[in-house]
Amino acid sequence: MIKYDGADFQEKTVANVEEACAFRNKSSVMWLNIDGVHQSEIIEQVGKSFGLHPLVAEDIASTGQRPKMDDLDDYIFVVLRMLRFNEKENETKTEQISIILGSDFVISFQEDEGDVFDHIRERLRNNKGKIRKLGADYLAYTLIDAIVDNYFMILEKLGETIEDIEDILVTNPTSETLQTIHELKREMIFLRKSVWPLREVISRLERSESPLINKSTCIYLRDVYDHTIQVMDAVETFRDMLSGMLDIYLSSVSNRMNEVMKVLTVIATIFIPLTFVAGIYGMNFRYMPELEQAWSYPAVLILMLTVALVMVVYFRRKKWI
Amino acid sequence: MIKYDGADFQEKTVANVEEACAFRNKSSVMWLNIDGVHQSEIIEQVGKSFGLHPLVAEDIASTGQRPKMDDLDDYIFVVLRMLRFNEKENETKTEQISIILGSDFVISFQEDEGDVFDHIRERLRNNKGKIRKLGADYLAYTLIDAIVDNYFMILEKLGETIEDIEDILVTNPTSETLQTIHELKREMIFLRKSVWPLREVISRLERSESPLINKSTCIYLRDVYDHTIQVMDAVETFRDMLSGMLDIYLSSVSNRMNEVMKVLTVIATIFIPLTFVAGIYGMNFRYMPELEQAWSYPAVLILMLTVALVMVVYFRRKKWI
Amino acid sequence: MIKYDGADFQEKTVANVEEACAFRNKSSVMWLNIDGVHQSEIIEQVGKSFGLHPLVAEDIASTGQRPKMDDLDDYIFVVLRMLRFNEKENETKTEQISIILGSDFVISFQEDEGDVFDHIRERLRNNKGKIRKLGADYLAYTLIDAIVDNYFMILEKLGETIEDIEDILVTNPTSETLQTIHELKREMIFLRKSVWPLREVISRLERSESPLINKSTCIYLRDVYDHTIQVMDAVETFRDMLSGMLDIYLSSVSNRMNEVMKVLTVIATIFIPLTFVAGIYGMNFRYMPELEQAWSYPAVLILMLTVALVMVVYFRRKKWI
Amino acid sequence: MIKYDGADFQEKTVANVEEACAFRNKSSVMWLNIDGVHQSEIIEQVGKSFGLHPLVAEDIASTGQRPKMDDLDDYIFVVLRMLRFNEKENETKTEQISIILGSDFVISFQEDEGDVFDHIRERLRNNKGKIRKLGADYLAYTLIDAIVDNYFMILEKLGETIEDIEDILVTNPTSETLQTIHELKREMIFLRKSVWPLREVISRLERSESPLINKSTCIYLRDVYDHTIQVMDAVETFRDMLSGMLDIYLSSVSNRMNEVMKVLTVIATIFIPLTFVAGIYGMNFRYMPELEQAWSYPAVLILMLTVALVMVVYFRRKKWI
Amino acid sequence: MIKYDGADFQEKTVANVEEACAFRNKSSVMWLNIDGVHQSEIIEQVGKSFGLHPLVAEDIASTGQRPKMDDLDDYIFVVLRMLRFNEKENETKTEQISIILGSDFVISFQEDEGDVFDHIRERLRNNKGKIRKLGADYLAYTLIDAIVDNYFMILEKLGETIEDIEDILVTNPTSETLQTIHELKREMIFLRKSVWPLREVISRLERSESPLINKSTCIYLRDVYDHTIQVMDAVETFRDMLSGMLDIYLSSVSNRMNEVMKVLTVIATIFIPLTFVAGIYGMNFRYMPELEQAWSYPAVLILMLTVALVMVVYFRRKKWI
């Protein structure tokens, strides 16, 4: 897919790179969005056409890169990670987005066809806002901004899940709750790994002295930077909350277990002395005077009841049951 | 609401922004306090009248911002978070306060109508202290100071709650105590999130080379900075104390549980051998010579008593009961 | 109280500040030591006489300040916290000491009448060492040094308490031991809070370019700085040791508990099968041939003894008892 | 072993160092790869021939060095650690690789004969890529790159092991699982120790102003640097995952244990009251009217059944079984 | 003890300091090694003879200093801590070594007579290496190097102890093992306290611009610095390993305890229902038809056996025993 913008606007879907390059030298900004980084020959073609360093092409092709920013004088190379929440598997997946910002072009590489940039395409088509008036650096900013905004959506979803689990924790925690907490904690580890370097990338973009980035764009980048820090804050807060929830879960489970054991042990403790008394009068000694009396059976029963009551009262007063 | 101050003092409540702007160019300091940031058209109007950057207006409108400070040459934009303790729900809530400091005006945006600035209004009306003699930067300082002082009030309330819980911990810890500790820990996480960036904001204000901030105001800002660090110290100390209290709670609960189980098990352990002895003489063998003797029943009873006593003494000496 | 020193030495106790100021302009060093910072009018008077900034006077009056150092050109304002060990309540209390260092005077403010500076007064009276020969900055150094040395005394006392508890931990740990450890941990949190900023204060004093501080005094300040770091090291080590002791306490308590439970359970486990055997021969079936034999009673007793012995031997070999 | 490269290519295996030096002054790049650093006389010879500092020779000989980089003007001395996964013992071992980069030579020292550089030798022989066209610094880069790439292979293997254990954790955790987790945690400690300084080494290489390193090589070094950070990230993630897995293991084991104890205690608790009832009617009192009735035996049996059922239902409703 | 070196070599044991000073002005390097810092008059004499600052003399005399380095223009004052492993008490002790480096002299103060410098004395006597050819700074380096090398010996011993304990952990952990781990952890805290500041001391020595330290000595200092970092690494690794071992110990102990309790509870659980059955047929009801049958006794015995077997099989299948 290719897009042109400047005073007027053109949009084309091209199959090969030469066709795209033909449109280039027109003192307008070109945005080349390439889906599927696994076709290495396309990346190679792009690399040649736009004079990219072989290492840059290699980094684009090998997904699993850490977010980073390289200023190579003629162009700036930015690698970002976009998050995608897979509703079905309840999992967050990351995708690598590479952006190359030149003086009059922006090339973006996505792993799969995505829709996160649709919003920008729309704004370009309809000439909404000042996006068509400003240069390639502003376009690059909108792309980065779209990715960072996407993080907020993911965070919101995670936040909802966390709140759901909190409610469950209070009412009826099960071992699945524990597993979900562990899964969320792990997701936080991955999120953190994506966001931390992102912050550095945007900070370096903002402070870079590169002529490719306009002074007026810097304030927008600072805004994205603030958003990134907000994302980081949220991730850290979620981490802390999950740790706290784990503690609550564990202590509530152990508490419940303790209660159960206590009640069971109390029951056993009440009956064991009674059984002993019954055992005494079950002995077969010839001379046990008590056995001969008519009143002794009810007396023993009353004794047992008294012992049981005293124990129950004592345990209650001690708050053991 | 609008206010004027300088040599003399005027106070008006205006409905729209143009009216407010008419009062502006008078070589005096103007304070424009706007309640309710959710009316976007007002913020837009203010933005146009005072030449604010669109991103600034956006940040004011979107509550949930992290405290930050932006120096935009013509004015300084500060976002702070004010705490409000909700007595009913026993919860701390945060509200976003945005302050714009220009050469001759201060605009403050509150989420809801608040009373934290009443005190300053009073001082302005009565010409108390030097607040009317000094410029817009001093007014901005008093606003920030009022917000930071508000933190101390919140901290005091939290400190009282923590002390109450400490007393309960010693006397009669229940599972509600645990929950309160967890809630307080969580509140500390949120407080920390508000205070940490605040420190940076004030530090940057103090060290900013902006001509909008007078040298003589810097010493006041340094004072607020010291207060912020005191707040941070208090938050950290509370966090440490809460962690310690959690440990104490958990170990005291497990201790109590252990004591209960120990006593119950000791009771069972004493009666089980006795029951066994009773079981022996309950057997129906034809030839059990002991059964025929008159003295054997009391002898067995004495034996049982002896066994029980020996066990009790042994357990006592071992400090098991 | 007022004191003069230079070539000769004068000491007076004055009631108001004007009297003190009369003695001032004499090209000698004056030390004004004020007890009780809660009399705000005295602080106000001092503030006026020596031209102090209103915020400085406020900081002196409001105890609970964090240690800090402000260089206000004409004078240096230092806030420190002095520790006082309350033997009766076995608690460490902190007191705020404010020191103002001018070109020819030192003013020190104490919360209560203290004796930590007596030693310095003595040296001044007796003209011991070079304290009378050197300027106001050296006097300020001796005051700070006295406060830091006081920390070592506190640490020594805490160290002794910790060693005592260590001995108790090995011999006979009780739940009071646990509480003492928790109290000490908490005391460490407070100590740390006092010492950490102290280090920064002294470091800034040493490196300050202020003309009020002589080059030759710097080496003395560096010495105090080294002492502060030693104090911090000791506090950190005590913290680590207390954490270790807490772990030891908890694991030893749980160990002891486990031992008790194990022994009790073993006793129960040995007697339950025996009781079962007794129960069998307590059944009232008409045709139980064993019951008729003369040898069966002793045989069953021997069987029981054998079962018990086998179990004891087995448990011993497995190291369960 | 010795190798030459430039326009043409020579490869020799030499036994002593003089022979190697004879080939040196030819304005081409020489790579001297020495296996076995334990023959101190060879290192001494190399040291003399290439004018190495005695300390450098010492560092090469004493394996167990931390990765480091020293710029000694005439040459750059780099120590790295290479990982080797021992399939048999399921253990990761480290080997010290020392690299000396001069203006026209690279000397690499390996502890044992290794095959990690075979790939580079192949590229040199076949004149693949630009390796023969670029200087000694590029050769050094390829060596470092080969070592860092080797880390990824190790990490992949460890990652697979971790995933295997995760599956086992879910299905059937045993105490061997615990031991494997502990072993992996320990391996992570060692890996971390190797990788952390590596990052610093490469960063210093990249930013060194040494004339020995070409500007064009810097971008390659930055690439290796990015890889190192990726390795570090992976190690940290693995550490976090292992900690999480340890927590899951421990809580699942304690959970299972609790379940077992609960079921067993429930069984005992149900039978103890029943045994008590049987004990009552086993007493030998002369006047126990119930014993004489025909219906009392089945009645007691039904009573017992009812008690047992009520308890089972109660325990079930309380979710104890 | 006094020593001279330069072109030729003299060694004397002197009793007082004047005698030592007489040897001084000879354009050669003098090494004055003083044992026993507790004789304050000697330190005073040395202080006067060599023009040391009173604070330096004080620091030398008061053992318990933190490692530090002070550059006092005319001389450099270094305080280090030497470790000494006490085989008898199995404890590591530290001793304070103070080194004063002047332009043509080195003075070293030891707490006790030690032998760690014997090796250096030997090298001086025999004129081995370049030690006699280089200046006082190289001598100071060899002293520091000897101390740091001594750390490796201590670490090796500790490492051996740790490995021994690891073997014990696998085979037969007792509570002494736990205590040894705690003691080692504590030793690590002390070691760390000695090593961390050491690193800073050497780093400052290396980077100091002092004319007392030759450029050529710097590379040697950097070597000691690398060693110090290796020591620190080892200490950190040992700490991590000990923490891991503590976890393993605790989980293995709790595992073993759990196993014991489980087996005991299983035994009780099997016999309690059997005892109940026996109790039923021990009841004295007149009309219990089963009691009259000849086959009912063996039938009940078989029933009991069946119940026991079913329970054992069930528990086995559930892996509870």
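Letters are used for the chains, namely A, B, C, D and E, taken in the order the chains are written, and counting of residues starts over at 1 for each.
The rule we apply is simple: contacts are C-beta pairs under 8 Å (C-beta built on N, C-alpha and C of every residue); 3 or more make two chains touch, one makes a residue touch a chain.
None of the values given here were measured: they were computed from a predicted structure.
Path length between chain D and chain E in the touching-chain graph (shortest route): 1. In terms of their C-alpha centroids, the spacing between chain C and chain E amounts to 26 Å.
Per-chain Cα centroids separate chain B from chain E by 41 Å.
Taken residue by residue, chain B touches two or more other chains at 261, 265, 268, 272, 275, 279, 282-284, 288, whereas all remaining positions touch fewer. The ring of chains, read from chain B with the first step to chain C, runs B, C, E, D, A. Across the interface of their complex, chain C is touched by residues 219-220, 222-223, 226, 229-230, 233, 237, 240-241, 244, 247-248, 251, 255, 258, 261-262, 265-266, 268-269, 272-273, 275-276, 279-280, 282-288, 318, 320 of chain B. Within the complex formed with chain B, the chain C residues making contact are 53, 55, 59, 64-66, 68, 70, 72, 175, 178, 182, 185-186, 189-190, 193, 246, 250, 253, 257, 260-261, 264-265, 267-268, 271-272, 274-275, 278-279, 281-284, 288, 290-294, 296-297, 300-301.
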